[in-house]
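Both complexes shown next keep subunit A, but they swap its partner, so subunit B is in the first and subunit C is in the second.
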Partner chain A sequence: MRDLIAHADSINHLLSRYGVKFGIYKNNTFHEQLFPFDALPRIITHDEFVQLDKGLRQRVDALNMFLADIYHEKKIVRDGVLPTEFLYASKGYLPECEGIMPPAGIYSHISGIDLVQAKDKSWYILEDNLRIPSGASYPLIARELCRRASPQTFRQNDIVDNRNYADMLRDMMDYVSAPGMRVILTPGRYNAAYFEHSYLAERTDSALASNADLYVEDNKVYYRDYLGQAQRVGVIYRRLSDEYLDPLTFLPESLIGVPGLMNAYRAGNVAIVNAPGNGVADDKGIYYFVPKMIKYYLGEEPILHNAPTYLPFYEEDYKYVMENLHKLVVKDVSEAGGYGVVFGSNLTSEKLEALRETIKREPRRFIAQEVIDFIDLPIMEDGQQVPRKADLRAFVLSGRETRVWPSGLTRFSRQPDSFVVNSSQGGGFKDTWVLSR
Partner chain B sequence: MGIISVEKSSRLIWLGRYTERAFTISRALSRYFDEMIDHDEYAYRGFLDCLGLPYIYGSRDAFIRTYIFDENDPNSLMSQLVRAMDNAIVMREELTSDTLCYVQMALDTLKQGREDSAPMLVLQQVVDDLFAFWGSADDNVANEDCRNLMKCGKYVERLDLYVRLGYPYREVEKETHKLLNRLNKVRFAHREQDAQKLLELTADEATYKANKQRIMTLLCTVLS
Partner chain C sequence: MRRFCFTYDLALNFSHPVSRHTFMLRFVPPSDAAQQLWGVDFSCDPQANLPVSRDAFGNRLLLGHIEETHNALSLYVRGDAVLRGEPVKGDCPMFYKMHTPLTEPDDAIRAMADGLSGTTEDAAMQAAARILAAVPYTKGVTSERTTASQALAAGGGVCQDLAHLLISVMRVRGVPARYVAGLIPGEGETHAWVEVYDGARFIGIDPTHQKLVDDSYLRVNVGRDSRDCAINRGLFSGFAQQAMKVTAKMIEI
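For the complex of A and B:
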């Protein structure tokens, strides 16, 4: 490990050389910045991973069953497990997706599940990301570069090779694909995760396309080359949000979508990865119900637990939240990327009161969670190891089977005492090692 | 990946043009730099005249600081590399990360060299990175159309700059043939007649010297 740390600067230099960056908008201006990498990895033992693997597969399978149910029979609502209000009030629920069964019946092909590990070593799920979870490319390329910089580290430690992510992704895309080529659809280079779009296109041998490259004819999607010839598209790994995907179905003002795409999808002529409409399942409000879904659809006890969560929508929870707001973390269900997260302990009494009023007015808009005192991971700062909060985004791919990528994106806060680890908020990342024994 | 869209074909051509612009200008500047050291501190004006650029740089030091390193000057070397990167970054899956990184390295070198007291050494590194970019492109870019489009852009730009900067006829003739060779490998609607015309205008030194403006005009349209 010492050797790896000694080469940290070289690794960061290589990351810069390969353009491993993310974009961020500040004051309406686009800035690209390097994603700070800490060479000290998060280490997950073999036994720990076996448990995580089981729990994550269980959770994602249940979420896929939930999505299929919600856009068809809605048995979970009929049976009273999920209140109707929660379904129809969710911003992620798209009536346009009603009755559509995606190829192979899979909705969430790539699930990014955020977890934290408490000080007693137990893992808690913080949130499910089933729309366009990003981040796998960072540990993927970091591992490649770490191996170059410090081969002996990887010779001396039994680490599961994580460089199969692109193969897993390609296999999954091919499994759900209609006849035709693979495409990664990007909103463009000024997207925060553009590096990832282009890197995954390279690694999966897919065409990286913008909407101008695609068109729909007779409910089939085509990619047009520079000589005017067209090739059928079988699967689109889209990296733009549902509402921008197809101006004929969703936002008519979208300039980055592909007109007619939803018709082609509905006709079963193209697979869209992840399926439109998944937002209903990764809504922070729906998160509360995931353990119930696992029991409902699989008849199993959840292997991995949610962080203790309260829904002010329920009277009992509402009372608890109001009484304990000062020690809870409150999340706006419609926000992402670390935004809309408020720690009661950081608020003045006036602000606490204002938040209380807002929750009273819009109880469905918020969830409240106990603050999990999750473990600190060591990071290197000015040659010293310092403890920082870190989470883990695990990636679960669903194709022929549901598979957990034996790695993940470990993000850490660079500020002492901060729980916010998002890159958009200045966080860094680490490689995640899974030990093979 | 194998299939090149209209937008990507344009990106590839402009990637070729901007990398070549940065490359040839970096090399051309060495001549003017040398003169500016202890012969003529305004030698850079000759360079600006060749490229038809205005005298907006008040002094030798301002020229070096601004023309080479200032991203806000649209004519600067830095701007050419930024544009090269703008075109390269959207082509990663065709270029490969291993090739793309040399454009990134050239740009990083120039950015880090802003405060360097020896700008020519910085430019030497930029030239090395761009050489490596083309070597890597030949080695790693699997799609032949992709390579041909980039090289069409590269040789159009090189020829244009050689004509503007007054390079010897033998150099222009050599680069004309390189361009024609590439044009023969891509399929543009009016390629044949443009190629023929270019050949006529560079047939010998006298014809070339009498037709520089026409050659530059032709180069503007040959890839449209």
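For the complex of A and C:
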């Protein structure tokens, strides 16, 4: 471990040299930022991981069943488990996806589930990311560099090798693929996660394509290679969001989409990873219902718990939220990336009042959660270990079977006392070790 | 019951050659209890395969791709139809109750939804009368992107705007309503009207002509609003201005 700390600077230097960066837009200009790496790993014990693995697979399986149900029969709504309002008011619900059964029936192929560990060691789910969860490449490449910097660390500790992520990804893509090649579709180099797109394309032996490389003919998707030859595409791991995917179906002004893609997809001639329309299942308002989905679809008790959540939409919860706003965290269901998250305890009484009014006007737009006092992890700052809040994004891949990647992205807040760990908010990341015994 | 022959002619001319052109033509009218189609035929110049595809609203559409450079594109559809003018029975997807950006109501639209009475059909006819009084049929005031509330504020609009307004008012009342793009006898552009759902049937109402849909209406597409029903959409590569000419015709036979 001391070895790794000693090498932290050189690892960060290499990360920056390899272009391990993410981009953000601020005041309409594009900046690339480094994602600071901290050498002290998060360690998950073998027993802990066994529990997490079971719980995550259960959750993702239920979410996949939910998506198939929502875009077909909607039994969960008809049976009164999910109120109609929540489904149809969710921005992530796309009527354009009604009736589409994706190849192999899988909607969420790559699920990024964000968890935190409370002081009593129990894990809580903070949110599900089922659209385009990013971030797996960061711990992947950091592990690679750590192994190079200090091989003995990985010989002396029983750490599960996590370098199989790309193989897992590729197996999954092949499993759901229609006849044809693998493609990773990127919106281009001004995207926040462009580094990851190119890295994963290389590692999965997929073509890294922009929309100009793809076209739809005869309800099938083709890739124009560098000789101008057309090759059939079987699976597209797309890194652009639903509304830009196909200008003939979604936003007509999208210049980064592939016209006609949704028709090829609806005809079953191409797999799209992840399926369009998944936003309905990772909506912060739908989150509340996930434990109910697990019972409804699987007849099982949820193994992993949600953070205690209140929906102001329900009268009982509304009252509680109004009375306890000062100690709750309020999230705008339509925002992501750590935006639209407000801690009641940080607000002045006027601002608290204003928030009350906003919730009163649009109760469906917010959820409120108890602030979980999650554990601090040590990070190195100026040669000293200091405690910081951290979360874990676990990656679950659904193909022939549902598998949890034995690693994950541990993000931490660089500000003391801050609970917001998102990279777009200036956080850093760590390697995540899962112990093999 | 009446019999008609219809044609739809789309001509695109480009100021400079274009290529990599993907286009969609949503003009494959369905056969159902209200209308029976036969002899439907399509053609395309330059030649391209036009596989039939479906959308989420049950409409069929043609999807073509022309990789090579071309200066013009024309698409032609013809067919015969027997029209019965009966409301179609069936289940109604719940999303027809939800507003879209084009039908999002404002206070003026909500006020219009107040005090309508009687059956779904009665209420819709009353609403249609109020709408036409407030928004007389006027060309050139609105565009295809005008929302229901903008059309009401403008005090004028075309069949598309009147249809969006009626949909908006009915959805405010909790009644599922959908947009219909189709043809009526005559020559010119396509027409638009509304279907409201009364719990069992989709009842067609034409706010522009203030009447219930009868056996002179051919339904081509349905959707939540005009965007879902867009008859043609396409994207090409090239620095060119595009001139579009649409001629739709339906004559009794």
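One rule holds in what follows: the second predicted complex is superposed on the first by the 436 of 437 C-alpha atoms of A that agree within 3 Å, B and C clash if a C-alpha of one lies under 4 Å from a C-alpha of the other, contacts with A are read in each partner's own complex, and residues count from 1 in each chain.
The rule is short, and it goes like this: contacts are C-beta pairs under 8 Å (C-beta built on N, C-alpha and C of every residue); 3 or more make two chains touch, one makes a residue touch a chain.
Owing to the predicted nature of the structure, the values given are computational and were not obtained by experimental measurement.
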Partners on subunit A (subunit B, subunit C) - clash or fit: fit
Which superposed partner A:R189 touches (first subunit B, second subunit C, both, neither): first
Partner chain in contact with A:N219 - subunit B first, subunit C second, else both or neither: second
Touching partner for A:G260 - first (subunit B), second (subunit C), both, neither: second
Degrees between the directions from subunit A toward subunit B and toward subunit C, using C-alpha centres, nearest 10: 90
Contacts of A:Q58 with subunit B and subunit C, given as first, second, both or neither: neither
First (subunit B), second (subunit C), both or neither touched by A:E202: first
Touching partner for A:R17 - first (subunit B), second (subunit C), both, neither: first
Touching partner for A:S210 - first (subunit B), second (subunit C), both, neither: first
Partner chain(s) touched by A:G99 [first = subunit B, second = subunit C, both, neither]: second
Superposed arrangement (fit on chain A Cα atoms) - minimum subunit B/subunit C Cα distance in Å: 13
Subunit C-contacting residues of subunit A that also contact subunit B: 212
Residues of subunit C touching subunit A in the complex: 20, 22, 24, 49, 51, 53-57, 61, 63, 65, 67, 93-95, 97-98, 224, 227, 233-235, 237
Residues of subunit B touching subunit A in the complex: 1, 3-9, 86, 89-90, 92-93, 96-97, 100-101, 104-105, 108, 187
Residues of subunit A defined as touching subunit B within the complex: 16-19, 141, 181, 188-189, 194, 198-199, 201-202, 205-210, 212-213, 223-227, 231
Complex contact set, residues of subunit A against subunit C: 74, 77, 84, 87-89, 95-100, 212, 215-219, 247-249, 252, 259-260, 263, 266-267
